[in-house]
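Presented below are the structures under discussion, each in the form of structure tokens.
Two complexes follow with subunit A in common, the first pairing it with subunit B and the second with subunit C.
Then we have the complex of A and B:
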């Protein structure tokens, strides 16, 4: 589904990604771990098409298409979803309006008809239930005045409604207490499907206790230096990152 | 109507004098009043940028045009831009009342709605006395110009305790026939004790004409009275629009204005609220949206004369293209006016590097036990929010329009009258989607 080859990218002026390779197949859940500053968030931003990040070399192929050639909204319509590390507060834009506008833009792109109000609300209520969110969230401004945990739940709610083929979760566990982490993890797990890939970027192993990855990668200094199964994450938790770096250097 | 709105070699003063002599003769009291007003205008002329109140708005372009008094002119039967509201509708075309398009429904007891001419026919002395009392002393040259040239207008009288549930809708429409013409409509509302009403003023011009609207609106609100005033300015793209709004509030009276400026090449509203009785409250909400080469200006003055008076002011500007916006908000607290609570906020959004908004809060506080706050910000669309919306599938232009609408929402949400709010929301959305498409 996603093939990243030799990706080099700048965040602003700074070279952050320095030859990253990654292959993610449909139905797989990947965890990308790494110390601060290793390039985890840059990877997520580059894949979603954020301005201010420029690719200097390499390629990203998504479902056979050159992902980097598409503007952010085209990527979203093709099924790429980024759950933000810091979801943006947008007072004056209703949550429910954003969900509906996003969903209808994606459906239109797929050649499907727009959902009517009844169908849409039924869908949203079902997903809100899953995320244990109160219906009052719908008519509030996007993330406006939400707590950290509410914002992260709202990201996964959007993911549940938009049903992406490739979900990128950027530090979705950060700032969550254990109860909120469970709710978010349950939401993500319920979205695991044979035709959907999930890439989680995280600093801590904790999230992986709740969302079990098929593959774990260590990102260091802009490259993936080691890949393994979930046992790698446990080892990182015990031993830190230094041994992987030394092993890679050797 | 010989001179069309082109540049003329005669001095502006001479042209206005000639236009006056051609239109108004006679020696009755009203004409004498008009002549005195004209003389005052002639002696000061148009304000210049040396005048602090006109620092950011240059009237030179208006001054060099030759405008003559407008005739009433036929209107298309179909006016899709008008609001549909229940209640009385009064249509002034180029400053003249058009009974055929107006619907003066029966008013509840204690409510009188007349055109200024109707009032003059009934009580000529009262009209002259009223104008003399309220207009002759203003130092504003353009208000004097209105007094010199006004043709007609609307007079609303609310007796004590009169409550008007349906709004009074006043349409000021300029037609193609208004090319090169000026109109000076006036609206005068006298609200008795504990009376209540909503007044909608809608300035429209659906044509390519260059014309000049110079409108005066006055409110006198007696103790406990409450007036809600919606003022939508959607003049034609080449029009000049100057509005003067003055409100006097007695004890516990309330006034709120929603000053929405969308149209005209050069538009300005000057709003003065004078809080004369304790417990009086004024709320000023405004939205300025200069696009293209538009220049839109809001000049407000809230005068806390009595103690225990309150005011709230929230203005937002959205400027694109080479549009220019001006907000100047003056708040005066008189020496004996203690226990004042006054809040002012001016927030502005620039959509292009060539747009400009000048915002100038002015606080003159002579009392010591007061709460006055003010804040002004100017910024651009939030790039992170824009990316967030696009990452959910929205096109860049939809995302921009949505954020612009969200910015305007805090003003639009103050509009309690559903048809007015819905129409404005639609206009804002259309306006900024269009702007985004032309941008690309």
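Then we have the complex of A and C:
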């Protein structure tokens, strides 16, 4: 589904990604862990196509296509979804309106008909139920005045509605209380499918108790320096990152 | 993530829109040669068959105007206006005489309205909106007269009002905006050719929204519209004004006057969606729009609210104002002003508190793009008599790109210690992070910009009548994003 080879990228002027390789197959769940500032969010932004992040070398192939050649909205329509580490507030724009516009743009791209208001609301209500979100969130401005945890929940609601093929979750677990973490994790788990890949950036093993990853990677200084199964996360939790860095340097 | 400070080239391309309504209807005009003197004024008055008091008033205005100096403003760049090169009267030639129904209206005119997206038949049938469409200087079509007539509401062209209700016109004309008021209002008083007149009698709720579309058509024609709305005790009326002009190379002067009078317990809601040709991307052409709009809450417990969406004009200079004379009266001003390319918008409001417990609310949203300059200028004046007066002002500016500007000039003059006056102001750039958030959900850049800007304007749009709100959103889309193709 996703093949990243030797990816070098600048965030602004700064060389952040320095030869990153990653292979994610359909149906798989990958966790990316790593120290602050190592480039995890940069990777997510580069994959989603954010301006200001430029690729200087390497390639990204998604479903056999050159992902980097597509503008961000095309990537979204092709099924790439990014749950932001810091979801943005857009005052005055209805949460539900944004979601509907997004869904219909994606459906149109797939050659499907646009959803009418009734169908759409039925769908959103069902997903909101899943996320245990109050209906009042529908009519509020996008993330406007949402608490940190509510914003994260809203990201996963969007994922549930947009049904991406490749979901990138950037620290979706940070800022969630214990109950919310379970709800969000259940939400994500219910979205696990044979034809869908999920890449989660996280700092905490706890999330992985709920969402079991097929693979765990350590991103340090712009590269994946170690990969393993879920036991790697447990080990990192116990021992921190230094030993991995040393091992990689050796 | 930190946002990228560089201007987004695609955003700029989107902002560089083409004016959609640029075409000229080919109709033989009955136009006086350019120039202004007492003969021209007398010609206009005769042409319209006015009573003596009107002609006298015009001439008084003209003589006063000759003693006045054209105003100058720090924040507007203005080409000098040559008042002698303007033709002060232009009317489309009627087929026989004045059309008595839509069927008699010149099909070319109707076609023009269609292009502007105002199919009269459609409107008439659908919305129950009475349309007094002004084409250049003469009203050509009025619908729904009957229903209004039954309710006792008078809604007609100004010319017709002068003929049929001279005593009402004489009583209220110039009672809010005196002919000596300001350079452009005085000029208007001398040469105005037509406009709308509304009279809602005591206790009547006007059964429908009243709507007028203005349109400038003939080349080198100054437009001097005059609108007078009188709401008697306890009556309610909502009035919609919309403007759009065809493409022109010369700057055209527009100096309208709108007077509103609300008697005790009356409510007037005046909404404007203005889309005059703003000039091309280099600032050539476009309408000069100097408008005097003022309402007086003359009676206790009355209310006047102005809502405006300004997307056009090369230069807009406009301060819809409220004089809150009656105790407990309420004045409101909700505004969205867009300045794109080389447009200069200088708008705002004046709230003059005279009566006790008078309240005013001002919500102004300025959007600047390209080289556009947007200025908000507001005056809140509380006289000693206005015990317990309250004002709340909120001014927000949104910048798109880094070559545009926003300026806020709030003036307050409070002469009673019992008053409370609050002012809030914000300036923000359309965020790359907001834009990217929308893109990453599959939404196109054009739709995303539109969505964000509309969100920014929401507090004003919700004040507009339903059908206007949709139109306003479409207009914003056109002025900021350009229709592709």
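Definition applied: the second predicted complex is superposed on the first by the 250 of 250 C-alpha atoms of A that agree within 3 Å, B and C clash if a C-alpha of one lies under 4 Å from a C-alpha of the other, contacts with A are read in each partner's own complex, and residues count from 1 in each chain.
Here, a contact is a pair of C-beta atoms (placed from the backbone, for glycine too) under 8 Å apart; a residue touches a chain by one contact, two chains touch by 3 or more.
What you see is a predicted model, and the numbers here were worked out from it, not measured in a lab.
Touch criterion met: A:12 reaches subunit C, while subunit B stays clear of it. With both structures placed on the common chain, the touch criterion links A:48 to subunit B and to subunit C. Applying the stated contact rule after C-alpha superposition, one finds that A:88 touches each of subunit B and subunit C. In the three-chain superposition model, subunit A touches both subunit B and subunit C at residues 48-51, 71-73, 75-77, 81-82, 84, 87-88, 90-93, 97-98, 101-103, 105-106, 109, 141-142, 158, 162.
Chain contact summary for the complex, subunit A toward subunit C: residues 12, 41, 45, 48-52, 71-73, 75-77, 81-82, 84, 86-93, 97-99, 101-103, 105-106, 109, 141-142, 158, 162. Subunit C makes touch with subunit A in their complex at residues 1-4, 6, 8, 431-434, 436-445, 447, 451-452, 454-459.
Residues of subunit A that touch subunit B in their complex: 48-51, 71-73, 75-77, 81-82, 84, 87-88, 90-93, 97-98, 101-103, 105-106, 109, 141-142, 158, 162. Note for the complex: subunit B touches subunit A at residues 382-385, 387-396, 398-399, 402-403, 405-407, 409-410.
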